[in-house]
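Scrolling down, you'll hit the structures one after another.
Shared between the two complexes below is chain A, which has chain B as its partner in the first and chain C in the second.
So, the complex of A and B:
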């Protein structure tokens, strides 16, 4: 394995980490505020699909990314309305969003483009990449790193972050001090889903340049696992997400070499993430009121 | 100077959605700069009244005037804006935050997105603490701090918001005697600074020691207000309970019988791996109450958990009726005749969301009596059981199908005692049996423990309430850092000597 191959895998890993990191960072923020969602898988898939449509209609990939954020915001509002204002269960709406995506996206691909299961985006709807001799890099890699760092900074250094964490840890305490628990929880949920929406659109209009009916590929769940073993910390999530991206890239690089059967190699990122999660989980402690509706006495 | 009323509550009525009348037209006046005691049994409505004043609950009818102006609070933050702060019985602190962030939360400074100026906040807090002459560590997560310090953080949190009136709900329930002294010092200092304090309590001695005036509430009504100088414990007790209370326990002498519980060289580790109980040996005999006194946190919890099968001991053996029960689980121990009144009623003793019937059945669901032939629970019998406990122990509950959380603390505790005794035990392990329980229930439970002793049962009593241990025990061990400083008969030692043992001086050294 020469230096060129290593740099090439590094590039691929940075490209692969983006949806995982964005979703993990968003989920970490939302859960810090006390709202659990398992619907990120569906958010990724739906925003990948709708983001592609936005990009194709306008001929601008960036509009596609914004469209993905919009899808995330709307789904986040739905989840937030159910969990925060209607005091509903936090898991069920996520199941709903995931199942909805499984129906909407394959049907949508067929209905909109007339192809079964997959659609290649035209070049004008794809994001511009920096290309080098080792491969391509998207500007979204930089954006993702900035988002992770800024989210961490806001969460741990500013009044906003302190309040968000307080409503996830002890909403009674926050409420007694005049902090609007519902407002902070709702908009935190929206922010979390918006980031996942950006990650989803990135997959179609930026990273892969195509829409596929199963393109989220479990990344929404991997991102949740990553969030947990990162201890609900956006900065650690960045590293964890890159780790998954690295094994993802390594698998893609190894697959054509036929050293071991391809199916095993494609399992690599999932298994490694699982091992790491299983190894480190238990040390991290979730926010105390994570997933619990708050109702004033 | 003529005293000005700072708060006037007029005709406050509170009816809960389920129809319970918690307050039936209460009038309360609080004067600027005084310490007012709000005395009443659990469930009398003290806390409800103060939650209304703090904006947490809305009155069904009635008016609140602050400095003569009528106000309506929609939330606690409205009350804080009007200078009223409250420290609850259960603290509202974010456990993973340090004191500094807990205190500044919601008042961090300018701009949601700007960096929190920790240095400035620290200076401000340090000045506040210096003025008040009490200190808390600002950088330690509050979950790692003792409850006494957490309580001070709660007080600071309110004072940081420039409140004039501080409401404290049963603040001494969780404190050690030394912490109580410290709290009283702080409160007196606040009074000198011109703050007004409302002190909710059901402990007569504390109210008499601390307050200027006492308002007594019973069953949602004000019974009367007296100047503390003119009040006696007997008078206040009568006002509070509505009848004369026997504050002493009648305990006929009794010859103890065979040893029921034998503990031999028991060593137990605490949660952090420290040696909590160090090679302790004692026995509890039939017809005897063996008390364990000591400042909390000296191994009592670990000792009880090891005896009741909730924690594996490191070393040593425990025998019940000469059967080795070391390391056996709670269910097996119940079968062998042990009953356990756990120290934490809401976490270990009851499941608050479940009904009285379900709670009355806990631990008994295995018995054939409560099952149909198919193994399904026979709810008709279970309800009958709950009903008989309610009647026998005079538990005031809305019904057998009411959730246990709708009962007052004293009645919850009576339910636990009733349930445990209904298991027909030979040994009753009672940990803090009257903590946070009103006077009447306390009296009832204490007399019941004595009754069990008179019937020839063995009772192991662990309590942070020294009076309770001294009054009830036939013999008592004073525990300090996991060891007995002495095992004595209460009537043979003075309170001073017990205090010295609680402080770590051995009985032999005292009696030299």
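So, the complex of A and C:
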């Protein structure tokens, strides 16, 4: 393997890390506030679809990304309303969102573009890339790094972040100090899903330039694994997300080489996720009130 | 006999059943709005949906046929939730049940052998997630989803590689005629009967055996179960293994009981998605075997009706997955019944 190939894989891994890092960072913030969601997979898929529509209608990829955020916000509000205000189970609404995405996206692709399962975006709806001789890079890579760093800084270095973490760690004490537990939990959930929405729209209007009915490919769950691996820390999840992006990139780099059957290469990211999660998880400690509804006595 | 009937109903919870019916209504309502938004006629779509599912003997038979696999994968999810875990691994076990049927009936063309190997491989594929949960504390949602993907690519490789049919490319070799499930008419095999028996056995296990009691006790409160001398770890292990076994059976029967090819089709199209659909079935059936039979018949009906709906109203069949997703989200709203009663009362006053 020569230097060019290494740089090429590096670029691919930076592109592949974006949806995973954004979702992990959002999920980390939401779970720090005590709200678990497993619906990110569905958020990624649906915002990829709607983001592409926004981008095509306006002819601007940035509008597509904003559309993805909007989808994330709406789904986050739905999840927040059920879990925070109605004190419902934290896992089941996510299952519903994932199932909904499995219907909305294939149905929408067929009903809106009239093609089965896949749609290629026109060039004017795709994000511009910095192209080099080793491959392309999206400005979203930089944006993702900034979002991860800023989220970490706010969460751990500001009074706002302290309040967010307090409602996930000890809502009773936070409540006694006059912090509105429900409000913080609700908007934290919305923020988490909004970042996943950005990651989803990135996949369609920026990274791949197409919409496919299974394009999220388990990344919503890989992101959750990465969040646990990173100890609910946005800064660490940047590194972890790059690692998962690397396996993704390695798989797509190896695939055309036909060394072993393609199916085994495609398994790689999932096997590595399983191994990494099995290796570290005993030591991982979630926020104390993670996934538990808080009811004032 | 009378006593046991009321006992089943008691364990089912009537209020929850009404909530499921409300959720189904809301699902159809929002589905109609989506259809209208994309320029379809919802009334005609729903008319042909029900006409296709219930309007003929053939329609009813296909309703039962579609209800079979999702009934079994729903039981997998229900066994999990009753034990306090979210087992999303039915999908993966289903693939392995299907491929096991193809592999082993071609070694020994015997129906029971095929079903048994399907159950065995389904249970085996559930084991890693069980072990990771019990010994390493890995959350089962993450591990089962990863195993589903790994299993999917592995089975795809088997379909195009070692078990590809040389005479019919992109499909697997067929189930030998002697090992196929007996047909009871209109393309319906005895699989539906076996699935209902499996549901009954699951009910018996959960409410009438010591193991089932310790599973439910661990699901409600693992600490209390441990103080009571039970082992929540053992309960979780059994929940995964028996769950995998049921989905493996579903996968095996999908291939052994459905013609015309009795093989896994191109890209695994006829084995994909049943595990995920089963989750919806289980939630709407309130994770209770009896509720699951009813919910599976309902979702089977939706799926059976899509053929006519596509042909007559030109509506893509995926709309039923949209409806299903909305139903599950609505079911997740706690105290839906009381909530609606409150709103209705406020509206009336």
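Please note the rule applied: the second predicted complex is superposed on the first by the 297 of 297 C-alpha atoms of A that agree within 3 Å, B and C clash if a C-alpha of one lies under 4 Å from a C-alpha of the other, contacts with A are read in each partner's own complex, and residues count from 1 in each chain.
Note that contacts are C-beta pairs under 8 Å (C-beta built on N, C-alpha and C of every residue); 3 or more make two chains touch, one makes a residue touch a chain.
The shown structure was predicted, so the numbers you read here are calculated from the model rather than taken from an experiment.
Look at chain A after the overlay: chain B and chain C fit there side by side. With both structures placed on the common chain, the touch criterion links A:185 to neither chain B nor chain C. Once chain A of one complex is fitted onto chain A of the other, the partner contacts of A:95 are limited to chain C, with no touch recorded for chain B. With both structures placed on the common chain, the touch criterion links A:193 to neither chain B nor chain C. Contact with chain C, but none with chain B, is seen for A:228 once the two complexes are overlaid on the shared chain. In the superposition on chain A, contact is made by A:263 with chain C only, not with chain B.
Counting the residues of chain A touched by each of chain B and chain C gives the higher count for C. Legend: residue contacts after superposition of the two complexes on their common chain; A:162 is shown touching chain B, with no touch to chain C. Using the contact criterion defined above for the overlaid structures, shared-chain residue A:111 touches chain C, although it does not reach chain B. Of the two partner chains placed by the overlay, only chain B lies in contact with A:172; chain C stays clear of it.
Angle at the C-alpha centre of chain A formed with the centres of chain B and chain C, after superposition on chain A: 80°, rounded to the nearest 10.
Between chain B and chain C the least C-alpha distance in the superposed model amounts to 5 Å. Residues 154, 157-160, 162-163, 165-166, 169-170, 172-179, 285, 288, 296-297 of chain A are the ones that touch chain B when the two sit in their complex.
On the side of chain A, the complex with chain C involves touching residues 38, 78, 82, 86-89, 91-93, 95-104, 106-108, 110-112, 217-218, 221-222, 224-225, 228, 261, 263-264, 266-267, 270-271, 273-274, 277-278, 281-282.
For chain C in complex with chain A, the residues that touch the partner chain are 34, 38-40, 86, 88, 128, 132, 136-139, 141-143, 145-147, 149-150, 153-154, 156-157, 161, 273, 276, 279-280, 283, 316, 318-326, 328-335, 339. Per the touch definition, chain B reaches chain A in the complex via residues 51, 56-57, 75-77, 80, 92-97, 101-102, 104-109, 111-116, 157.
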